[in-house]
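After this come two complexes, each holding chain A, first together with chain B and then together with chain C.
And then the complex of A and B:
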């Protein structure tokens, strides 16, 4: 029985191909693109102003509301600013950290360091953010309590708190690709650069940075897109500040089409970001 | 290259298919405010063996949170109806859940109930089939948020007022008016809180109703455009004073405890929780009166287990269960006989359960509609969907 099926399949290479690709294609088209398509379509619908039922009638009212109300322009700019700051901060911390792990630490310690970088990912996202809440709490928080005597005050809940919290959360996602990139970088290149008279900083700028740029881009895609879509951190340590995700969260059960309209913004931003990344050619050498 | 094109063709084709599918599936007319005809249950039959409930956290307890807090197990034994509960965290989420038709019963607040009634999502309730209905406080029955033209759409569950909380050790002198949270020169700037929901616009409207009679506000949920704009403007003045808006009550209690919040709107249950942790906090109903909530058990128009649903609605407002829920959640019970059965004998006094005059200036959450709820015919009022937009805009500005 088994062998007859196999024989039948062997004679039909096209059927084999279809059977192999059916599941992933179905997933990609229905679950992934389908969800995105449904989101886009819903954005053009409206709701019954009283019962809140979605009314499938094409109109551009949601986009008009979004574009004319300065509040939404502000929230887009704010979210972009936060996502960019988080990416920059993560890169600033991740490059020296990854360099130490890949080039300076003894091979035996490298594994331990990688494990240590990964350990925060074992703890729940919520636990970590609530921990930051008690750190940043104005007047009674850990930061004010420990550093208050030497004049350093907690920024309190708000934009800076969100940037700190998200940078802390996504740092491993930046360290790991850069570490992988640095590991592939031969030490002889660094030696050669030194032999030719380049200082440490010059070597970093002209040799290391161009070679790990694709890794940096890969890491930034994580930190940037994860920050762009986050809303829980903003809810817990953002004070009264809201990000794009919060607007979607606030609206999705009351006004689903409007939430869908807002949700197209991060999709558009990410598309532009990926397009820019593609133009730098970093994706090709990943 | 050819493969790429084929792939994008598939993507486009599937997108078009989706558009067509979603357009043809619902041909509903926009904005119908007529009351949908939904049949009322005539008589009770045997239970279906289960009931699916959407409720506020703390309303359906089977002992898994606290072994002493359990009014579900007894109900299940007595009626043979297994209780499946889905906790809703906001009124809006509850409305969305009820629209799926998967649930039989919901504990709806006043800002959800009318939407459910006019959406045809809930059925009128035959109160003759709910024996415990007779013992419910008269001032809770047949109200704007749980009935239409004298037909009851639900069984009142309990009520509470939104109070003004303040830290007695920090806020001095003690506030007596909501003005304390709207004062642009407040010394507690950055440590004031407000409830994070569009319904909070009514709190601003209530304050204006009492302090600016020129605006002519009669009922905080019936605002014409001018009155609505005034309320939103007041909230914009308030925004710089706010440290955090609260939605999660546990986070709110933690904030009162740490002193991050020292003044702002709250629920009685939060005051109790904070006090039990030793926080010097007090809650008052200010001179202007207050907004509040009065919850109603409603039955889905598409209920698959209507008999068990009626049995549940009767059981949850029985004196025993009603007393237990009210004490666990921290609200005034709706059943007059519940007051004799609370473990704390002063409970009903603390929560003003039987004190009808206490509730005279409490304006229970209600869903604003275009037809003004205060009976004005010459103007159009701002519907709740606009409240949502205004709130979203205010919060993100």
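And then the complex of A and C:
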């Protein structure tokens, strides 16, 4: 019985393909593209100012409001700045850490280090951000309490706090792809560069960096896009500062179409980012 | 040889003594509990082709890597041109390496790979291009400059690696089993090319291999490694015809160990004649042909002898049949003793 089904399937490769991909395709089309499509469509709707109901009528009013109001432009620029800073900070910390893990640590310790990098991902996002809140709290927070006597003060709640919090949250997503990239990099290439007279910095710039660039891009896609869409961190340790996500969150209950319009901005930014990355050729060797 | 000629030759060798370029003293290196290199002493002469020969794990590659600077010795010194370099990083040593896996930079084309060392050294662009082109020509790869390593065959990559090292005109070139990844035909061709190239550029080559035939073909001198130390150092002929230890006699070439008249003698298979009746030489042993293995140019005979031991002999004709009664004979002067 089993073998006859298998034989029947074996003769019909197309059917096998359909059986394999039906579930993921359904998920992708309905849950993923469907939601994205609904978002895009909603962005062009408006609301009845009296009842607050969504009016399904195509118009560009939301986009006009968003583009003409300087307050929104500031939020976009601030969010971009935060996402870029987070990405840069993560890369700066992740490269030496990943290098140590992949090239210097003993093989047995490598696995332990990977596990340690992953451990923070098991803890709840909210717990981690509240932990940072108690760290950054002016006067009574851990930073002011421990480091205050030597003159280091907490930056308090605001932009720098958001950058610190998000960098902390997304660092593992940057370390892991770079670690994987460095793992694949043969040690003999580093030996060869030194053998040909290059010092460590030259080797880093001319050999290591170009070869792990695709891994850096992969990591940055996580850190950049996750930062771009975040709003909880800003709410908890951002003080009065707002990011795009906060604007979406605020409008969501009172003006859904406008929230959708704002939400198209990170999508557009990511599309542009991917397009730029594609032009560098990094995606081809990912 | 006339008396005067001999005098002249002595005179020449006195006037031009080969100068020592690499001098290794009491070099040791331990990995964990393994003594990879155990007190090696070695003088390498300027312009010679020296091969470090030995099985894997014998310490030959570790010695090479310590000369290059990729490994630091636990103790001992390495002098390069009279200067102790054993504590210097690789980029401060006047040596270049051809790696076993070639280690070409995959993101650079052939020209950039070869020009890398010159660029690091700050050689002006025009000179860099001229020297790179010349190096390409030397390894017969003119016109391949704009290819990426991935677009080259194994043999071509090997040549690029060679050019990348030689273009810097190092005082010593280190080669870490560079022919290991090539197929037999290409390997034999590259052996000849490498030897010619070495004569042409006059640079000292230190060549690591586990292939005894390769070592015999290419080297001026061979250092046979075993268990972290040098068992014998000498010309290929010396090492082959007069091995100084049981290990060397077995690792370099094949050896028959025969107990005759109460003592052990050693004889290479190719010096033994196998025939039905004819005798060539003063040693004669009777036996029965146990097996005949055709290996192309010769046939390898395995003979069960009256001494109760099997003897291997090689013979180009291969006309005997298994089971034949045969006579083994050889000149006793071809035998060698092993300490």
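To be clear about the criterion, the second predicted complex is superposed on the first by the 265 of 286 C-alpha atoms of A that agree within 3 Å, B and C clash if a C-alpha of one lies under 4 Å from a C-alpha of the other, contacts with A are read in each partner's own complex, and residues count from 1 in each chain.
The criterion applied here is as follows: a residue touches a chain if its C-beta (ideal position, glycine included) is under 8 Å from a C-beta of that chain, and two chains touch if they have at least 3 such contacts.
Note that this is a predicted model, so its numbers are computed, not measured.
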### Message
Should chain B and chain C be called a clash or a fit once both complexes are overlaid on chain A?
### Response
fit
### Message
Touch test for A:239: chain B only (first), chain C only (second), both, or neither?
### Response
first
### Message
Just to be sure I read the superposition right, which of the two partners does A:16 touch: chain B = first, chain C = second, or both, or neither?
### Response
neither
### Message
Once chain A of both complexes is superposed, is A:199 in touch with chain B (first), chain C (second), both, or neither?
### Response
second
#### Entry: First (chain B), second (chain C), both or neither touched by A:111
neither
### Query
Which partner does A:278 contact after superposing on A: first (chain B), second (chain C), both, neither?
neither
### Message
Between chain B and chain C, whom does A:191 touch in the aligned arrangement: first, second, both, or neither?
### Response
second
### Query
Does the superposition put A:153 against chain B (first), chain C (second), both, or neither?
neither
### Query
What's your read, chain B or chain C touching more residues of chain A?
B
### Task
Applying the touch criterion given at the start, work out whether A:207 contacts chain B, chain C, both or neither, answering first, second, both or neither.
second
### Query
After the superposition, what is the least C-alpha distance between chain B and chain C in whole angstrom?
26
### Task
Would you mind writing out the residues of chain C in touch with chain A in their complex?
68-70, 89-91, 95-97, 99-101, 103-107, 116-117, 120-121, 164-165, 168
### Query
Given the complex with chain A, which residues does chain B contribute to the contact?
10-11, 14-15, 18-19, 22-23, 25-33, 90, 92-93, 95-96, 99, 115, 118-119, 121, 190, 198, 239, 242-245, 247, 251, 258-260, 367, 369-370, 383-386, 388-389, 391-397
#### Entry: In the complex with chain C, residue positions of chain A that touch it
186, 188-189, 191-199, 202, 206-207, 210-211
### Query
Okay, in this complex, where on chain A does chain B touch?
25, 29-30, 33-34, 37-38, 40-42, 46-57, 65, 69-72, 74-75, 137-141, 156-157, 235-236, 239-240, 242, 246-247, 250-251, 253-255, 258
